[in-house]
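Chain nomenclature is as follows: A, B and C, assigned in order of appearance, with residue numbering initiated at 1 for each chain independently.
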Amino acid sequence: MLRNRRIWLALSLLVVILLLAACGGAQVEKVGEPTQAPTEAPTKAPEPTKAPAATEAPAEDQGPAKAPSGEPVKIGAVMPLSAPGSVTGGKAMQAAFEIAAEEINAAGGILGRPLELIMEDTEGLPERGAAVMEKLISQDQVVAVVGEYHSSVGLAEMEVAHDNHIPIVFAETWNDKITASRYPEVFRVAPLSSEVAQLDTDFIASLGVKKVVIMTENTDYGIPAAEKTTEKLKDRGIEAVTFSADPGTQDFSSIIERIKGESPELILVLLTGETSFNFEQQAAEAGIGPQDVAMICNQVAADSESFWKNVPDGNFCFYRQVGLPPVLWTDKTKAFAEKYTAKTGEATPPSYAMEAYDSLWVMVTAINNAGSTDPDAIIEALENISYEGALGTITFPVNSKNPPEKAGKEDKWWHQFPDFAAVFIQYQQKGQMSSDAPVVFPDKFKTADPILP
Amino acid sequence: MRKNIRTLKLLTWILGTGFLILLPFLIPTRMHVAVIALYYAILASSWALLAGYGGQFSFAHMAFAGIGAYTAGLIGKFIRITSAPTGACTEFSLGNWWLVIQDTASPTCLESAKATMPLGTLIIKLPPWLDITMGILVGGLFGLLIGALVLRLRRTYLALFTIAFAEILRTVINAERDVTGGPGGLKVAPLFPNGASIGNHTFSPADKLPSYFVMLALFLLVMALMYWLAGSRFGLFIRSIREDEEAAASLGVDVVRYKILLFTVTAMIAAAAGGVYAHFVRVIAPNMMVIKEMSIVIAMAVIGGMESLLGAAIGAILIEFALEQLRSNITVGPFTLNMADWRLVVFGGLLMLTLRFWGNGLIYPIIQRITRGGVGEETVAKRLQQPAANDSSSLPDAEGPESVP
Amino acid sequence: MTHPSIFWYTLLWLILWGAIGALITPRVYARKDKFTHQTALLGSFIGAALGPIGLILLWIFTPQLTAKWLLGSGLIALFWLALAFAKAAPENLCVTSGSFVATQIANGLVIGSIYGLMALGLTLIFSILGIVSFAHGEFYMLGGMVTYYFTQVWFPDLSPLLGVAAAALFTFLLGALFELLFLRPMITGQIERPGEYAILVTFGLAFFLQYTTLSLVGASPKKVPRFFDYPKITVPSGTGEIIKITPGNLTFFDTISISSPRFTALIIALILLFALLYFLYKTWTGKALRAVSQDRQAAAVTGINPKRMNTLAFALGGMLAGISGASLVQVFSWVPWVGIPASSRSFVIIVLGGMGSLPGAFIGGLILGVVEALGAGCVPDPHRAAAYLPAYGMIILVLVLLLKPTGLFGREL
């Protein structure tokens, strides 16, 4: 018996070695030859990404308001719905997607057919995001994908979308690398991280401070943002020191004492979720809170109910609101905000909910404009789109007809929605709702002067 | 008689293997889940060998998979072989070739060296099988160190230490983002960087089928290896250690040595699975080592049957498919159950109930019934039938078939 | 660090001679036919503290080992390390500012006392049932959650102390229920391998509780406002104040600053510690518990029902974790996964203090609190200081397992 086992063992070992050796060829690059991307060449997935024949013939005879009928058109939506992802963000996006999907189906669906939105949880894990994308594309046969909250997950998803040639509109992934990839399939309605850093810098400079401490999250969102902001602040002659912590850190007392030692004039918080609340409240208790030192709390502070519960001493916090300030809301924004409040009970929709809502609408509008679910047609329609949404008029002006070189812009502007609005708001009264808090920057939207401690 | 049992067992194995080989043709759209299921099957059954056979409770199994994955990924990121010296990076001469390390101090050294290197210089990325092998070795090394440090002590220390080790490893990978990419993850080359071709059909690097067969081959190899181990003297020793350490020691079993050996071997198996997994998913993040993942592997092994390697593996495959299937929300009247969370609640509850009421797991008893139950009855019946017969073959039968389930 | 090499070479030197001492000393003692117990530990400490000279002297004289030797040499080794750090990083706040270090240590002691309280529960369970509960962190999480729901959602005007009491009751009952349903079969012989079963079933409980909570309450962070708003007091007023109290903060001697919710938590922890000591040493049930922990059979002979003591111990242990959580929910924002780092911490503490030792758990908690605070406070690179928080405890764990697996006050294994 034992000998028998050995034979089996040897045999299977042989099989494995053969298999591995057969497969695992090394990647060889030759200096002097143009960097080939041969590995990517035969990548186009063999399976059709579009639904069967019916797709090609758009049901043009049906009026847009008619109830959609026929085979549904499938679109995938990705967002984090369980830890370690940001569940708060994911749930808000989910609600927004549901609202948009209802509206779309009420307005006649896609190409006269109903929209079937398949929502998937990416858990905030890059590998999970890749797996979910594969599932959506190969199993559910979606024609396009929208959504995502975490940049790190988005970077992984983007590769799958590119490999399978499926258009994707990202909703809340800020990392510059995503659009800088210049993949034809990748579009984004969220702001660029570097542009947000620019806005932060402008605001900080306008306050006239000279020394800043940045408390950042040790992630793909936090570290690049901190680095860019530091760089830009330095150009303005403002000194910045960065401290970082893992998401999920509870006890900040040691770090706060160190920050005190730096005696900053302003603290920029780039933490997210409960971690940012932990830091802000503990800083307030230690005497360097927003009432003692100017503090830019992160945009999670826009969720005023949660903010005041977790940071009761957070009065005079500044926060950045991405998306239109309430004074500039379009009719579409107002309508969406109303539905969002009815659905979730939250007073105002956060920016990522608006982005999620718009990302789905943009995609559906593009498919309707293209008249087909062919990926190339959708991409072309997206490049030409001009859609009135909750975020304003969405366009992607830097595209294959107007590439970055020609437009004189950096690669990061590729397929990027350029006109996102972002403003700074300050809680000037304890317990204030974010919709009532005044805008303090930039000057053209200003409704009150910033109050500095 | 004996032949019958063997034929039956062999038949089950052939059928099972055949089923796994044909699986891609049955569910062509679910290949991703199938590969992940095999990955979990390797982890769960090797954990069953460690904990179910050897009685050593390690919570660092995912951490070893992570070590395998990150070793493979980091080699792919930092190490190249060139046919000419770069003069810029850290490099070692290997005869006509140079081993180049693009360390974090000079991450772009190779790019800049390309200008100065002679035309036609080859820059080679190590093939996946080599970096997976390195991952296995590094995993084994860590297993050896931890084993040597903790396995002399009482069992509980291993559990406590490994849980802390897993957390620290994750923390380090998170924090050292210059090297590992931090929480954003590390990109890894696909398993078949140049695609694969079988006959006339060419698979692209993104195709799942070749990866499935690699993972399947690894799975079969690992199962064969573990069954061989479990059936050998080594298996006997580790079982005796589990039953009674003092007694085993008094009979001359070098307890600590065998425990360390077992720990190292299972760590290497986990690292191998991690390495293949890394090349398959192509982006790995420290979150692959969170406690939740470890809980899932343990629950798979327990529900499948901790004392059966096959039971644990089947448990893992079934549970992975079930968990994927249960993702969509369930709406009952006005209530919507968010299954993304609730499925794990059900899973945790099932784990506790299995432990409490079905110590052998849910799947192992079924396997036993299929492969052995009938035989046992038959033997008894036969013996009753011919009580006087001094047929020598009935003696070994009475001992039952292989001691290994 | 301006001169990192000074620090790293010193560290290398300490480790080198520590290792040499640990390896050779037991052999020297054995050769001289002396008691070798714990001589490896002594050798490593002396080696690290005094280098080759100390070791040679040790090997010549081979003194009888006492706690004084260990403590003395350990402190000297620490002193060298601190000195090297001061020389390597002269601009570091930990070197230049005494009040900074004092505040860090004070904060470490405060948070450490709560870690200690939690670990006390774990060690209590271990000393009676002989198992480590891997669900300890989840009891901690539930304590905070129950307090939040009682004082903020269901009964908004409830006194926070009643919220803490509710959390205590809830976690006590949950612990008792779990013990009765899942751990009781271990001693009645229904489970084949109780040791292994205990590890797995408590691990399963942790998973189950965490995801049940997540499914029920969601992931949005929760927090209870400060239990007590201290009045603004300055004693004595004017300069050179001894205590200065603001609603959020307490400052002692103008140097040490502790946030007030933490101070409240500390008071709760101390009151509980004394209540627990009173219970264990003055009441019949408490004495019975200790009796069972020392000798099950003998205790049973005197009429104590060990089964009931098991239930009580597990419930009490869970309750201590629950109260730690309840007292910290006013300090930290609470999410369903806060228990994971907390339980890792408890494991480090009970190994450090010695498994099953009650004073060990509390002192271990204080030590871990201080080490974490100083680690996050002094590590020069601001990117890594906080990111490595869980690692500081781990270093302690490895050191303890290498040098003295029984911990500070552990019974011999």
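Points worth noting:
By our rule, a contact is a pair of C-beta atoms (placed from the backbone, for glycine too) under 8 Å apart; a residue touches a chain by one contact, two chains touch by 3 or more.
Computed from a predicted structure; not experimentally measured.
By C-beta contact pairs, the most connected chain pair is A-B. When every chain is reduced to the mean of its CA atoms, the largest separation from subunit C belongs to A. Subunit A and subunit B have Cα centroids lying 34 Å from one another. Taking each chain's centre as the mean of its C-alpha atoms, subunit A lies 40 Å from subunit C. Looking at subunit B, residues 171, 174-175, 338, 341 sit in touch with two or more other chains.
Taken residue by residue, subunit A touches two or more other chains at 82, 218, 246, whereas all remaining positions touch fewer. Under the contact definition stated at the top, the residues of subunit C that touch 2 or more other chains are 214, 341, 383, 387, 389.
Within the complex, the subunit C residues that touch subunit A are 93, 97, 100, 103-104, 107, 111, 152, 214, 218-223, 225-226, 246, 248-249, 257, 259-262, 331-338, 341, 372-377, 382-383, 385-387, 389.
Looking at the complex, you find that subunit B touches subunit A at residues 29-33, 36, 114, 117-130, 132, 171, 174-175, 177, 182-185, 189-196, 202, 204-206, 208, 210, 213-214, 217-218, 220-221, 224-225, 227-228, 231-232, 281-285, 287-288, 290, 324, 327, 338, 340-341, 402.
Interface residues of subunit C, counted against subunit B in their complex, comprise 131-132, 134, 181-182, 185, 191-193, 195-197, 199-201, 203-212, 214-215, 340-341, 344, 347-348, 351, 355, 383-384, 387-391, 393-394, 397-398, 401-402, 405, 413. Put simply, subunit A touches subunit B in their complex at residues 1-2, 5-6, 8-9, 12-13, 15-16, 19-32, 38-40, 42-45, 81-82, 84, 120-121, 124-127, 130-131, 134-135, 138-139, 151-152, 155-156, 159, 163-164, 218-220, 223, 246-247. Residues 51, 55, 57, 59, 149-150, 153-157, 159-161, 163-165, 167-168, 171-172, 174-175, 291-292, 295, 298-299, 302, 338, 341-342, 344-345, 347-349, 351-352, 355-356, 359 of subunit B are the ones touching subunit C in the complex.
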